[in-house]
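Chain nomenclature is as follows: A, B, C and D, assigned in order of appearance, with residue numbering initiated at 1 for each chain independently.
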Amino acid sequence: MAKLYFRYGAMNSGKSTALLQAAYNYEERGQRVVVAKPRIDTKGASQILSRLGVGRQVDFLFDADDDVRFQFRAYARGDQPDTLVPHLAAPPVACFLIDEAQFCTPAQVDQLLKIAVVDEVPVLAYGIRTDFQTRAFPGAQRLLEIAHSLEELKTICRCGRKAMFNGRKLGDQFVFAGDQVAIDGVNVTYESLCGACYLKESGGVFLPEHPA
Amino acid sequence: MAKLYFRYGAMNSGKSTALLQAAYNYEERGQRVVVAKPRIDTKGASQILSRLGVGRQVDFLFDADDDVRFQFRAYARGDQPDTLVPHLAAPPVACFLIDEAQFCTPAQVDQLLKIAVVDEVPVLAYGIRTDFQTRAFPGAQRLLEIAHSLEELKTICRCGRKAMFNGRKLGDQFVFAGDQVAIDGVNVTYESLCGACYLKESGGVFLPEHPA
Amino acid sequence: MAKLYFRYGAMNSGKSTALLQAAYNYEERGQRVVVAKPRIDTKGASQILSRLGVGRQVDFLFDADDDVRFQFRAYARGDQPDTLVPHLAAPPVACFLIDEAQFCTPAQVDQLLKIAVVDEVPVLAYGIRTDFQTRAFPGAQRLLEIAHSLEELKTICRCGRKAMFNGRKLGDQFVFAGDQVAIDGVNVTYESLCGACYLKESGGVFLPEHPA
Amino acid sequence: MAKLYFRYGAMNSGKSTALLQAAYNYEERGQRVVVAKPRIDTKGASQILSRLGVGRQVDFLFDADDDVRFQFRAYARGDQPDTLVPHLAAPPVACFLIDEAQFCTPAQVDQLLKIAVVDEVPVLAYGIRTDFQTRAFPGAQRLLEIAHSLEELKTICRCGRKAMFNGRKLGDQFVFAGDQVAIDGVNVTYESLCGACYLKESGGVFLPEHPA
């Protein structure tokens, strides 16, 4: 039976590289993969970009109100999402890979599980576990609930310990209030932190806006 | 550095046995453990009971509005939670074990993380990932967000696949509506199911009350 | 496809308890398991005994020159190993569990892999990774080579770190020379140690008899 | 405490990419890594090459009779292995990474464990578990015995299952006799296979030269 995998890690743990390697492994053997990501991730537009310098075009982007299973099946049959003109000779898909899976809606994660369980296509979902306030993104929360397998991609904190949390910075300052989604770029950056360093920077709380 | 571990599994995967074994391993070496559980779990009262037939008294029960870190530290110093009379000679605690950790509040899970990160005592939290509607219990959701390590305790579905979900039964019938918490006993029972069997029994949805 | 699992851990990490729990989980659901162990393990004779106080009779013992796949298949069909009188109505086996799997021969581990891959019955092999000189037992070495999944059962060292090695003691003294197999009992005992404590006790080498 | 990690996988599972990503993650945070590999791996000479197209020069190569801990410590202090002229200002090393670790000698793996346990520098060893006859390479065997953590890097077989074994091919033909080491190149290639496909190609045995 195919499974839904959630391969999670802090910012800059190498999730995109791992996705690109997994896709490469399948294709090197002549097996077909489909790669998609939520459109909300504006970084790289329709590219998956690894900090190591490799990249790849996604097969399709999806919006929050899309049925990703419908789109996947249409695409897998050889329909182009835009035109819906069927290709007759599309080979079966050996694996469906999702980048930035934390930005899926919970309903879309349920659709991913059905792709694995009903359509019997393995789904590899790569994403971040929690936002800068240590709360799960909606897609990550649902993946943590229902994925068959939770696999961590590790990276390190400035102190050498394993990083778990994603601190948000404006310039040199950590900030703990703001919108859940702010794609890193010119003004906003992120630094992966361990529990101890996050606590120190946040003044002793894990959920800065809603202390326990 | 000490870590917070979430060892999760479906109903009847052997979580209590695993907790009892871990406690035994520490004590056999002369190391002290503290064992606690949320009071909401009325099964076994202040006992941790394994289906294999072994059991153990918890050191303390805690309520939803308790500060479990405060209680742990008081108990670890040798204070009895009831009397708060300090014992002078309490040895340090090598491990803090929590049974039925899905019933912790999110704030209590933050306290557990501080016990690991600040007090440097490893915390082993054993619990169920999701309720009968495939939604995480509040404590489980927070553990999935912030535990250092997510480790699955496996069990099998009726069909031989790995079980992930917890189907609720009234008599012989699966039910998909009701309160989140209904401790298993005379009327209510649970059966661990894989994704395919859960889907079949629920009529094709993972979140029966709130279909996507 | 069924898999061969090697669940390894240091002495006294709770391997037998974990095996008994896994068997219980299957049988509680009405699924049949077969449990066996190498005859060389004289501790408990044909019993699997957990330090928690639970136990179980094995279905059969096997010797170093036995074909364990032949024996398993005969037993699974309902033949008694002694009499080889077939039972007509033996139900299929959902899982084959091996205790003290480090004492299997390498050829027997190959047979276990065939039970998983060819006969499609999952095999759970529980055992110790290395002897008191940090060398793999023959069965463990082969399991480390060819098991589908290597899963560690953890326990702790006297110092609080994770134990990896098995120190042998005669009375209060660690000894680093002697036969590979000496079942723990009156004279010989074992203490699980982390790398640092093993190094300290052994005078700075991991392979005491054959320093690098 | 620092640990020795063995990240193993079949041929073409992406081990070099994973190593390069781990090194990148450290360096991006201003932390220093040292990267080495056994000289026996002639592929790429002193380069670590990923099939994704990224690469990196190793810091040093070592031979079978080298003391890799001595070399590492000399290099970490800022000595150049060739000249042994010390650099005064070498920063501490946050991580030591080994590619093609299966080609280490067992004694060198013991040295790696001492780098982790005594020198307190984490060691990430990436390598293949077994040769084309399903036997562990000497370095892999020792890593499987004494690494703190065994972590699999997965890839897929031609049939879609997880690959475990490394089939050797001369042209289009699988071969099951020959030297343990034959670096893949013009004549010899490798194909990662699952247990079932390996069995089929080898005529039903896992150890073709020494059937059980």
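Going forward, a residue touches a chain if its C-beta (ideal position, glycine included) is under 8 Å from a C-beta of that chain, and two chains touch if they have at least 3 such contacts.
None of the values given here were measured: they were computed from a predicted structure.
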Across the interface between the identical copies subunit A and subunit B, with over half of residue numbers shared counting as same and under half as different, the residues used are same
Note: subunit C sits from subunit A at a C-alpha centroid distance in Å of 39
How far is the middle of subunit B from the middle of subunit C, if each middle is the mean of its Cα atoms, in Å?
29
Find every residue in subunit D that makes contact with two or more other chains and list them.
none
So what shape is it, when you link every pair of chains that touch: line, ring, star, complete or other?
ring
Counting only contacts in the complex, subunit A reaches subunit D at residues 12-14, 17-18, 20-22, 24-26, 28-29, 31, 51-54, 94-95, 155-156, 158, 160
In their complex, what parts of subunit C are in touch with subunit D?
1, 106-108, 110-111, 113-114, 116-118, 129-130, 134-136, 141, 144-146, 148-150, 152, 161-162, 164-165, 194-196, 199, 205-207, 212
